[in-house]
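Same chain, two partners: chain A is paired with chain B first, then with chain C.
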Partner chain A sequence: MAATPAASANAAPTITLHHVNAMPAPTWHRLRVNETGVEFPADLRAEPDVQVEAPQELLGEPGAFETALKRLEAHLKSTGELAAASPAGAVADPLDQPALSAFQAASATVEASGSLERAFETGMGSEAFAYLREAAGEPVVIATAPGQQGARAAVRVRGVDGAASAAAVDVVAAEGSDVSVSIALDSPEPGAGAVGCSLRVFAGRDARVSITSTQTLDPAWIALDDTGMMLDERARADVRHTVLGAGQSYTGLAGDLRGEEAKVAVDTRYLGSGARELDFNYELRHHGAKTESAMNANGVLAGASSKTLRGTIDFVRGCKGASGQEVETVLIADERAANRTVPVILCGEDDVAGNHGATIGHVRPEQLLYLASRGLSPEAAEQLFLRATLEEAALSAPDDATRAGVARLGRALLEDFEEEIA
Partner chain B sequence: MEKKRTQVDDIDRSLYDFADDEAGAERLDAGLTPGIVREISAKKDEPDWMLDFRLQALDTYLHMAAPDWGPALDGLDMDHIVTYVKPNTEQQSDWESLPDDVKNTFDRLGIPQAERAYLAGVGAQYDSELVYHNMQDTAAKQGIVYSGIEEALHDPQWEPLIRSKFMTLIPPTDHKFAALHGAVWSGGSFVYVPAGVKLDFPLQSYFRLNAKGAGQFEHTLIIVEDDADLHFIEGCSAPKYNVANLHAGAVELFVGKNARLRYSTIENWSKNMYNLNTKRARVDEGGAVEWVSGSFGSHVGYLYPMSILAGRKSTCTFTGITFAGAGQNLDTGCKVVLAAPDTSAAVETKSISKGGGISTFRSSVVATEAAHGSAASVSCQSLMLDNASRSDTIPAMDIRCKNVDIGHEATIGRISDDTVFYLMSRGVSEEEARTMVVNGFAEPVSKELPLEYAVEMNNLIKLEMEGAIG
Partner chain C sequence: MADEHTINQTPETGAETLLSVQNLTVSADGKTILHDVDLAVGAGETHVIMGPNGAGKSTLGHVVMGDAAYDVEDGAVVFDGIDVTDLSPDKRSRAGLFLSFQAPVEIPGVPVSSFLRAAAAGREGVGDLKGKQFRKHVRELAGELDMDPAYLDRELGVGFSGGEKKKLEMLQLLLLRPKLAILDETDSGLDVDALGVVSRGIDAYRRTADGALVIITHNTRILEHLDVDRVHVMVRGRMVAEGDASLVARIDEHGFEQFEQAAPDAAPDERAEAAPVAAAC
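Coming up: the complex of A and B.
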């Protein structure tokens, strides 16, 4: 692990994870959106408090993810869809070739390597991945049988005071199977520390994977939610990230739509309140023809919260007929809140349809006037949006324990919240 | 069935791609040293403060890292770039007084004809120095000043004003090539439009870089006082060489209260050019800056005109098109800072990639804590003409104010086969059909230009489209 220790004369020593949530194609450094760093107390011990609810037959062997990746690589090479690594060709006059940026050159190198292991990545990046895997210990492997339907598993990670509590989860969905996995990052007991999950997903041909991740940590905690996905032909992944709490919350997801007609849909709901910092990085990379991706983020920023959301749709040359769309809607509900949004499209293929849109706004004066005419003050009107975000999270929670986490957080933010969802 | 694609032919760029003999020109040594900076300053007989400024900028340049997020700059070796080349003439105010080769160059580019037809004034730079500058009497009588910036720097009336503004919007510490510009800048224009004066016809500066392996570092400073109005046009071109050339100019625009400044650019550098240009405007209350930008040439381009909306109800518009063909990596876009209440910005850009070229739209919209009631919209459309090319869109929004409305949308795609088929069924050839579609795609930009420049832009598109049957 490449975390860097640091200490000053008066502060407790810390370690820092670098290059967290780095977007693949960076922009001006002064905007401070290219990546972030995560600083922890150096004495944070690894102590996972992880509960897994899953039928015994769903628990697979370690190494299942790597095996699935190798099988797919071998298959793609046998069909010619993945090129074997080739030596560099003759160097032409540099002035006759486009001067590739560092990102463009690195991307070309990875594509030319013909290695899925090299191409696979998670949204938070390699340092965070290594940290979480080390903190979590042996991964939980959830593996379906070919054609298996309705498989369900729940992973609950709870904060441990003074510790890094993390789960490592590998989901391997066999051909034609269907699996739903819910992940909850929660802090039912007081304390401070880090709570995280490192998730790798392999969705085989025609498989369907549904991931629901709900983060309801109190402000003293740091949340790390890192995901990497690889999808074979006609596989589909639906991801729901609900990010409601934590003093610092980091969420990353990278999806490789490798097989033809693979689909990924990511739906993100977030709530910023108090002095919370939320940081997201999504990368959906289209390799297969006719692949589809959709990213939809919707959030409210209240208090002095701040949020950075990077979303990248990458159309790699050869993904003919692919389409991707990204939409973000942000409501800034407080004067002190800050929002940063970077919706990126990278495109090396002409036969694609890509679009993104972002709307960052506030409650309009005419809307406030209307609500005032119904007896609602501007403050009360804006509280409605917080309430609505929490209520929606509670109502769509996958299980009672997750709903209880939302309710606990809601009570801390709003009066009478629990009664409303009862 | 997959459509067969023809190769993109070499483009006939003879209109722009001709070079003059450098006989009689004075070249300093290649490379960048304090000695060279002192020599440039001495040639211009500058005030001491400017020499000090240059040396400080050089120090900044030497200690600053090159940008690592954009197109590679490995092919740009400053040890092989000549930072100053003086043509074999002094500045003139009539074309006939210029040496034949210089005069013929601008004749072929149509500059004297344009001046006669519809411009209120023209400045023409050849390599490192202005060789022609003239303005109509009617504009002069309105109190407008349009001269070489070095000339104005030697005028006691204007020197204090220039000193108070020079590289304040683009400080040398801004980035490495702003620092380079500060160290070796040469030539460029100074425009002063007094309060309340509205100029009916545009002013134009044209920059021609003829010298092989040289850099051009002109500085344009425009001050439009309160309630005044100006349209300024900038054009540029160069012959293609087999070594890198460099353009690192700077444009600083100050727009007063309720004033308006339109700044139009048709950039057509040769495809061995590293175009690392910086443009920035500061707009006071009720003022407006309007950027119209066409980027066609260069091997590498970094170009992001920036608007700082510093006064209440100030506005900016940015309308741009970038056309990246074979061998080009053009990283273009804009930056907007909403720094006062009730400001507004509208950005509309188009990018086209063809023949293996790379086009990147990069932007930032920053709304500061003071931007109450402000709004910005960014629209970016990219068109890919083949599957050998690349088009990236990297916008960023940083919003630190509650009561703002920021919208962004971007699309990427190609010319639909149905559209081409329809046009071909009406008797149009495939190449013409695609050119028509591209011209239509570029129409929001060309309609913002004076007719003659819109025609030039459409001709450039036609030139770029030759052989591009997709």
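Coming up: the complex of A and C.
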């Protein structure tokens, strides 16, 4: 683990994960959005409380993800879609090379390596990935057979007081198969600590993967939800992140649309209340031609909560005909709430279509007047925004256990919450 | 300002006064836009406010509801015996006032069902209905208005047509059952079918809540099936005429020109000082 221990005379010792949710191409440092650090109590022990619900035949062997990655790498090299590694020392005189930014240089190095293992990354970055994998222990492997349809699995990670409770999950969807995986990060018992999930997804040719992640931790907990995806030809991944709780919540996702016509759609719903801090990083990298990506985030910030969302669409040279879009709608229900949205589109290819849009704003006076004319005070209006987000999360929860987690969090925030969704 | 809990009677109908707007002068951005407006509406009555575009009809509705975009320079709004001039809109709503908006807003992320539940919370008759009971009641009301219950799961106003938005306004009217409802050009931009639904909503409100209505319109079609008690005409921020239901037919035949000619056309600040115009009926 690369985490850095730190301690001062008056504070309990802590460790810090660095470069968490780092943007691939940094912007102005003074904006303080390029990356973040996650600080933990140093004495958090690793104690996973993980429940897995899946038919036995869906549970695969460790190493399935690496095997799938190597197989794809070999295939892409055989078709010339992935270059063989450049021999060492083959680089021409540096003075003959164009000047590259740090991002371009790092990206060129990875591309030149010809290694999908090196190219694969997760949204939260390598330190967080290593921390979660170490805390989780042996990964849960969910692997479909070619052509298998309707496969479903659920992974529930529950907080353990004074511990880091994490799951490591590898999803390997074979060619033409279809699998849905729901992940719940919950804290049914009081306590404090870290709860997380490290998820790797390989979607084979024509496979379809659906990931639903719901985080309903109480404010004393830190949430770490880290995902990396690799998609082969015509594979499709639909991801739903519902982030409702935790004092500090970190969510990262990196997707590599490697095969032609691969598609990724990410739908993020979040709720900031109290003094919660939410931090997101999404990176969708288009390698294959005619690949498509969509990021849609919709959230409410109330109280003195703060949120940073970075969304990067990277059109790598060669992804002709690719398209990507990112849209965010943020409703800021309290003057004290702080929002930062950083949409980035990187273009290394001319023949692409990328766009981003954001609707960010405080509740407008005419909206408040309308609500007031129906008897809602400004405080009641803020409660309505919280309630609406929680109700939607409860009604769209993938299973009863996740729904129960939303209801528990809802009860802590609002009176009569459970009654409303009964 | 009127004393609290003053109860009097509307001079025209003899009904107990529910809403009393007294010498109301209102400005926005430093410009006077309503001048010494008086209006008295009795319990259970139906009043109509008509006038050409820009007469101040919608402004009056918003001021009665407590829209903070307007400054009350003089006068008072008394509702159900209570001076509400300084009350916030939410308190006026809880007191029994309702304003149907000419252009209802959209609020992304807030499902209609959640909004209705919050609006109904704590109100007599519907506030104590629990989850399933409440949803059943709302669906029944939606059925009365030929409204697809699927709209209840959609985000408030988002993607609604003009007619659907007005149906939702009517649904709220039936759900909240206010003592007095101001319908601000609820009929504008509606086709015949949607107009029929709105009329049905108004009928149902009168039948079930026995509430008073103030209908702001410059179109007489919505009034065809209503028993109108009083008609008021506004021109350039003033009440210039008042009469019984026969005034509607007269306006239908001759338009507003007669009233516009009679209204003072001095500069805004000067108009505030002008003498009231005599009633036309």
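Quick notes on this one:
The working rule: the second predicted complex is superposed on the first by the 410 of 422 C-alpha atoms of A that agree within 3 Å, B and C clash if a C-alpha of one lies under 4 Å from a C-alpha of the other, contacts with A are read in each partner's own complex, and residues count from 1 in each chain.
Just so we're on the same page, a residue touches a chain if its C-beta (ideal position, glycine included) is under 8 Å from a C-beta of that chain, and two chains touch if they have at least 3 such contacts.
From a predicted model like this one, the values you see are computed outputs, not experimental measurements.
After superposition onto chain A, the modelled positions of chain B and chain C are compatible, with room for both. The vertex angle at chain A, taken between the C-alpha centres of chain B and chain C once both structures are aligned on chain A, is 80 degrees to the nearest 10.
By the touch criterion defined above, A:167 lies against neither chain B nor chain C after alignment on the C-alpha atoms of chain A.
Judged by the touch definition given at the top, the superposed model places A:387 against chain C, while chain B stays out of reach. Once chain A of one complex is fitted onto chain A of the other, the partner contacts of A:369 are limited to chain C, with no touch recorded for chain B.
By the touch criterion defined above, A:58 reaches neither chain B nor chain C. By the touch criterion stated above, A:155 is placed in contact with neither chain B nor chain C. Legend: residue contacts after superposition of the two complexes on their common chain; A:316 is shown touching neither chain B nor chain C. Touched residues of chain A were counted for both chain B and chain C, and B has more of them.
Looking at the shared chain after the overlay, A:141 reaches neither chain B nor chain C. Once chain A of one complex is fitted onto chain A of the other, the partner contacts of A:360 are limited to chain B, with no touch recorded for chain C.
Of all Cα pairs linking chain B with chain C in the superposition, the shortest spans 14 Å. Residues common to the contacts of chain A with chain B and with chain C across the two structures: 359. Note for the complex: chain C touches chain A at residues 65-69, 88-90, 92-94, 98-99, 101, 104-105, 107-111, 114-115, 117-119, 121-123, 130-132, 172, 176. The touching residues of chain A, when paired with chain C in their complex, are 298, 300, 329, 331, 359, 364-367, 369-377, 380, 383-385, 387-389, 391-392, 419-422.
Residues 68-75, 242-244, 271-272, 299-300, 324, 326-329, 331, 356-358, 360, 362, 364, 366, 369, 382, 384-387, 389-414, 470 of chain B are the ones touching chain A in the complex. Note for the complex: chain A touches chain B at residues 25-29, 31, 33-34, 93-105, 315, 317, 330, 332-335, 337-362.
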